[in-house]
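In what comes next, subunit A is part of two complexes: it sits with subunit B in the first one and with subunit C in the second one.
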Partner chain A sequence: MTRLAYYPGCTLKTKAKNFEDSTLATAEKLGIELVEPERWNCCGTVHSLSTDDVMHHLAPVRNLLRMEELRDAGKVDSRQVVTLCAMCYNTLKRSNTVFNTDSDRRKKIRDNMYKEEKEYSGNVEVVHYLETLREMGWDKVKEAVVKPLTGLKVAPYYGCLLLRPRGTGIDDTDNPTIMEDLLEALGAEAVGFAYSQKCCGSYNTVHMKDVVADLAYKILNHAAEEGAEMLITACPLCEYNLGPMQSEVEKKHPVFDSIPVVYFTQLMALAFGLGEEATAFTGNTPDPRPLLREKGLLEE
Partner chain B sequence: MSYPRSNLILRMDPENKRFKDRVTELSGENVDLCFQCGACSSGCPMTQEMDLLPSKIIRMVQLGLEEALESNTIWVCTTCFNCEVRCPRGIDIANVMEALRQLVLRKKYNRVSLDELSPEELRDLPQIALVSNQRKLTA
Partner chain C sequence: MENNAEYVTIYVMGKKHEVPGDLTIMKAMEYAGHQFTRGAGCRGGFCGACATIYRKKGSYKLEGALACQKIVEDGMYIAQIPFSPAEKTTYELDELRPDANTMLEYYPELSRCLACNTCTKACPQDIMVMDYVQASLRGDIEQAAKLSFDCISCGLCAVRCPAEIVPYNVGQLARRLYAKYIDGPSQHVLDRVEEVEEGKYDEEITRLMKASKEELSELYNNREIDLK
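Our next item is the complex of A and B:
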């Protein structure tokens, strides 16, 4: 077992429990133990873009310090911290970059963290679980597959924060393949579509539901038109805007056909044959199970 | 007809210059690099909700026009960074939008309020939606 530090983030413990459950099960199957520190805090969800902002870097940097403590205590084997939520990934990674490249703000951040027992050194690498899989090798993922997802047409939805801005993304900004590579390893068919990297409306879902429903309609419809039967995502906010939001989409667009949206790890758990608790499809709206049964990928 | 070169230099009123300098300082971006190609606006997923296109906002900042702060564009922006990766001049446009929002928010302005949400909405929305919404749109 390789032991890696793991930052779950708030939503993974509540609304996106299915994302965490499926990830932990698939990681174990692949010989990775994801070690969660005893305490951590919200990352702040969005990276602070103003040049004079120090305050909003404290939350992410404090989390990175927790990860460093895990390593100091000999509880993990690497300097990497694995994230799942695309927003957490982006926020932690960019704050880490600010800390390591901006000496003025590094000093101010440290000055504000005087109550910590130890100073953060900057020597933690923020990665996304998809990167961990790629680093391990897609053939290793393929070896773990006991039930290939043959005949399942899946559209990978990247959204924004896994790929942008340049330098922060986990793959090529314009032509990413990491989710396609995963789908191929799982035996599914990846379906490309024009809206795979278009924003779902993000936090505007709180006060501009109408607008987000229109964006979701475009994204989901484009995927369906290309022949996709479901979408995968790596962000709990994208999942919310494209999944549960479909009831709003239906109100606005009567001809719309609902289409399941799941986390990429749930399809991994399915292909790895890890059972109901690991796939955790009960947490998804709309329910992906009727489609998967129809495809012969899930028992009645 | 030829113009003497000095006539081509943009002369700005002190108040316009002050505004432009403040945006430059907060965003860390040199908006003068923009030559109005419009790539940011063409890639923006939110333009249908905006009163001014992102490229137009950049133009206003170039000219130091504080009216940019009255546009709904800066509040509709989802910070998806699409404009940023498309800009051929390397301007981080999302940083400029953030600077403009900050100039308003730092005067204790709140664009949204949790009080406007029903108990059902508060229950159903994932934390990241609420936290990011408040982080971006409140003082």
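Our next item is the complex of A and C:
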């Protein structure tokens, strides 16, 4: 077992429990122990776009300090911290970059970091679970597959935060392949589509449901037109806007067929044969299980 | 008043006083002639009525303390915060669910927390205030309840929070949710309630209610104190 520091994020403990459950199960299967620190706080959600943003870096940098404390305590084997939520990944990674490259802001962040016994050194590497898998090797993932997802056509939906800005993204900003590679290792068929990197509408979902419904309609329809039967995502907000928000899409666009959206880790758990608790499909709307049963990938 | 301690200089709302250096802020203020009509309660560090902020001469740090607990230091500039204006929402505990949505519904400003930890720095009880605010935000009601358990609602966290959260009310909601939905009723409390209802203590209560002030003083001063 390799022990890696793990930052869950608030949503993974509430609305996206299925993301966490499926991840922890697949990681264990791959010989990775994800170690959650006792103390952590909100990642900071959304990297500030203003230049006067020192306060917005306190939350992410404090989390990075918690990860460093885990390493100092000998509880993990690496300087990496694994994230799942694309938003948390993006926020933590960008703050880490600011901290390590901008000495002026680093000083201000440290000056306002109340009540910490030690200072953050900057020596933590923020990675996404997809990167952990790629680093480990797709052949290793393939070895863990007991039930290949043969015949399942899946559109990888990247959204914004996994890829942008350049330098923060986990893969090529314009032509990413990391999710396609994963799908191939799982035995599924990756379906490319033009809207795979289009924004889902993000927080507009709170007060401008219309905007999100239109974006979701385009994204989902384009994927379906290319032959996709479901989509995968790495972001709880994308999952919400593309999944449960399909009820809003249906209101606005009467000619629309619903299509399941799941976390990539749920398909991993399915292919690894880890059972219901690990796949956690009960947490998804619309329900992906009828399709998976139809495809012979899930027992009745 | 006789006192062998060395005298120190404190400033109460800007006015200079020489006071014995071994007094608490509260006693020092009384020594200097102040009479507390607000901002004093149990005098034992339990009630949270005597929240006080101070700066020491030559320091930029604004610090918080309970006046009845903190011993004066030379050069302290002291101001009391006997009341902190705070939004306290009302709710029917029976109709709630112990999760993040409930916390956010009643205290939506929770989501403005920046994790700056100013609240923790301000807390005279050494509670990890920011950590329980964050636990509330992610629906970890048990953690929020346990971390906030020693809170005495003095209000210092609330007046210092840049996100204008009132942590002590958040903690109180979390503890109520924890008690009702997660921890559940304690058997010893249920047993005691039954005893009360059966009238086990009626005789004793009646005796106390009829007792004279002298008898009550006698009983109080010689009471059994269970330190366990």
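Definition applied: the second predicted complex is superposed on the first by the 299 of 300 C-alpha atoms of A that agree within 3 Å, B and C clash if a C-alpha of one lies under 4 Å from a C-alpha of the other, contacts with A are read in each partner's own complex, and residues count from 1 in each chain.
Methods note: contacts are C-beta pairs under 8 Å (C-beta built on N, C-alpha and C of every residue); 3 or more make two chains touch, one makes a residue touch a chain.
As the structure is a prediction and not an experimental result, all values here were calculated from the model.
By the document's definition of touching, of the two partners only subunit B reaches A:M87; subunit C does not.
When both complexes are overlaid on chain A, the residue A:M113 reaches subunit C alone and has no touch with subunit B. When the two structures are aligned on the shared chain, A:R166 is found in touch with subunit B, with no touch to subunit C. Contact with neither subunit B nor subunit C is seen for A:K147 once the two complexes are overlaid on the shared chain. The partner that reaches more residues of subunit A, of the two candidates subunit B and subunit C, is B.
Using the contact criterion defined above for the overlaid structures, shared-chain residue A:R62 touches subunit C, although it does not reach subunit B.
Applying the stated contact rule after C-alpha superposition, one finds that A:T205 touches subunit B and leaves subunit C untouched.
By the touch criterion defined above, A:G44 lies against subunit B and subunit C together after alignment on the C-alpha atoms of chain A. When both complexes are aligned on chain A by C-alpha atoms, subunit A residues 10, 14, 42, 44, 56 touch subunit B in the first and subunit C in the second.
Across the complex, subunit C meets subunit A through its residues 99-101, 113-118, 120-121, 128, 130-131, 134, 137-140, 162.
Subunit B contributes residues 25-28, 45-46, 49, 76, 78-82, 84-85, 92, 94-95, 98-99, 102, 112, 116-117, 121, 124-133, 135-137 to its touches with subunit A in the complex.
The touching residues of subunit A, counted against subunit B in their complex, run 9-11, 14-16, 42, 44-46, 49-52, 56, 85, 87, 160-161, 164-166, 173-174, 197-199, 201-208, 211, 215, 236-237, 240, 244. Subunit A makes touch with subunit C in their complex at residues 10, 13-14, 39-42, 44, 55-56, 58-59, 62, 112-116.
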